[in-house]
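Questions regarding the structure given below will be posed in turn.
The chains carry the letters A, B, C and D, assigned in the order they are written, with residues numbered from 1 in each.
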């Protein structure tokens, strides 16, 4: 079966407080970098085999639902490519 | 000045122990998902204004160097787009 | 067998050492052998410059169950219980990557204590940085504290104390010393000497990776200008696996007839295995192909020397291996049989049946010692004139705000202080108190060293560090019964630093002898210098105080308004070496040497009065002097203190004596009687009040006071 | 009465919890059960202890919440058994969807260990039945991800159902932002499951079960299970 690498980019849902992002933003400010917003998210890279990109994507969506993403706080987008 | 959104994708350098990735991989296994590798990285989204994409990228590289990325353990790649 | 292709001097070995090795072996060594030797003969592993000197430290004591040379010192605390303790440095790794450097320092010292058969019960951290406020120092401090919190909290061992000083000499060479304390029953005590031909080595824990290779040699080399180049050598700790390792190790020790056990630290598998063999006068055959690897392409030398974290080496009879492996598997941890004991004293390294090397364990284990060439004489500066007068109230506020005196609550507040249920008195003042179990005996523990004192006299500074650590445990009513230490110094190849090494050892030996406290072990970290700047000699002392009944230690309950405030011991007679002198810009001078007779007397008084329940709270007068200590009591208790002091001289108010305590008592009469009997100078100076303020009266000065909130604002600088 | 403490890899308050239960539930059969072999079929009370199950990698409690052990816990809940989640145990229950909400890192962005005060907001639970509403307890916290989040709607629901168990407060019981150590929504320190038989809380009652050293305010919570047994065992 072909090998794929999936990148799951996990963001905080809009409206959810992001104190980590605010802390980073304020540290940047102390260093003299003025930025409008920082968001701290997660980047999961998953290597897997599947029979097609569509199947790999489908598998990742199930993993996201069952474990990788907490829907109360988080959203995600997904990118699958051959490796 | 135009507004940009930069995405900083932070990975562990190769060879660095990734206990989080290993734990997630094994947990996925228990849930019936066989995958070859999981890496838990960080995704920083930074909104800023700059006079050009090149300048925004330059600013981000400096922030990465001074604060956002720990070069001892981490690598990153960067994507800047208009927002 | 593969032959020699490298020049061993490129691995850091001296030509004379190479010659010595060839003579001992009677032949040229192979690349693999040179690689192992270069690590095991590094300063870090072999104590080349300090071993002879360390024999000057007193090590005998009736409570000592295991002393220097063991993974950790072990002391009897009664009722079949014992305490294991050790302090160790992780300076260089923390300078390169503060979070992981400190985290792996904590993990490393934890495994030392585990290797004695003890359950790790508490950590303490002793930290030294350049002056705060620079981006680099703040980054290091935050990273180090986060690393200790990360590893300690997650592994389920509380961090109950420490100390933190800032001094410009640590700017490029921050120090991170970690101490671990563990408890065990006497019969659980284990040893690392291998024995019994055919017994099997079981490697427990993490897979072996390429991380930390050459780490030990790295720690022995002066930090280069651009330490960043050493980056790939940084290791990442996995406290989650560390926790599994504790439980698996203790369960195997409890259920199987383990012959010997050792943690894997500097020098990795080779370091542990060869030390176990050399101690037991045996050899071993090692099967490298059985070592579980994280990367498939590790070379034999890498497998032998990798310093991957979270690994232990156990020696068991062959018949017990399956059961031990089953335990490990159930707990989710890997256990591989990686070799067996040979009777002939040779270390035979094999891979897939092929013999790669055979060399006597004794050759690896016996590095040639390096002579010290100390500069002569002691360059103690003369005692300068005292500053006079001044406004005591403002001086107090200024002192409290100094980085070296400000509150550490923000730091220990990020450490889990309670997990394990053994913490009876948390950090806050002086020493923390631990019990081996509810209802069991326990200890008070503290780490101490004041850079200011050592800057002008390494010898006096070292002896004062022992005194302060002893005072801190005595403030809890404990009897100091043993100490462990970590000597942090510059390059021993420089005569001045060699002198300092000799002086700190002599200073510790003097105080330990005077106070009757055996030294149960320690660690030496040399080459803490870069760019021509060496650190102030930093002999960190970790003290163990015995408490038969820790649940009744001084400080378990709270003082009550109306209780009397006493001064016990000898007030300061000079300002030399004090924080006040520094604040006043007086030229730094050597502090007064310890007043041993006065200190011995109070060290006898406090445990007796404490056990009799006569003292509600005690605090020694140290950094900043008497007024600072009084202010700290107000801050700590949330109550007030009102005193009338006998003198208004700066030296009385701000000098830093070696044998003075403040004690709060509900029964001053009883304490006075004891003091008279033991020859302790005692003076009643005031009382505890309900209203939270410090009220001070002094001869010829108007009464003044400070609210607790004002004191709080002064000490409350946010360090993180 | 049988009380079980579940041990996940990385749990580190399991021994502490057993030790405290020994005091709180005299005569009870106490068992320390490894998650992989968990059997709660005879259990009256199951405690998910504090610690860092599976290293708390990904999100606190996330990996443990997906382990097979949670099936046993759910079955016990269906049978009307009692479940207490302390700190990491609370996080596991939330990640498993047994209790509502989610956790974020403390608003101060680091681990916090100290005594806090909590106010009993509801006593509609066996665990809190020995306490009156409004009572103030002094308990230690020790966590990095204790910032409890629910939506305003969920909060209204929880409140109206009396399922807010504990809230951070001052020594006088006053609930003010200043006394909220981690930024939790409405200072929530503990919540109840639908029938009050599941309690999740961030403070550690097992660390405050020790009168001999002046820390005893957690005992009453641990004793709560007795009230159910006194009524004749599980529902």
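One rule holds in what follows: a residue touches a chain if its C-beta (ideal position, glycine included) is under 8 Å from a C-beta of that chain, and two chains touch if they have at least 3 such contacts.
Not measured: the values here are computed from a predicted model.
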item: C-D or B-C - the one linked by more C-beta pairs in contact; value: C-D
item: Whole-Å gap between the CA centroids of chain B and chain D; value: 35
item: Intercentroid distance (Cα basis), chain C paired with chain A, Å; value: 41
item: Contacts with two or more other chains, residues of chain D listed in rising order; value: 54-55, 57-58, 63, 66
item: Residue list for chain A, restricted to those that touch at least two other chains; value: 31, 66-68
item: For chain C, residues contacting two or more additional chains; value: 238, 240
item: Overall pattern in which the protein chains touch one another (line/ring/star/complete/other); value: other
item: Residue numbers on chain B that touch chain D, as the complex places them; value: 19-20, 23-24, 27, 30-31, 40
item: Residue ranges of chain D touching chain B (in the complex, touch as defined); value: 54-55, 57-58, 63, 66-68
item: Residue ranges of chain A in contact with chain D within the complex; value: 16-17, 19-20, 23, 66-68, 70, 72-73
item: Contact set on chain B toward chain A in their complex; value: 3, 7, 9-11, 24, 27-28, 31, 33-49, 59, 62-63, 66-68
item: Sites on chain D touched by chain A in the complex; value: 58-59, 62-63, 66, 95, 101-102, 104-105, 107, 109, 147, 149, 183
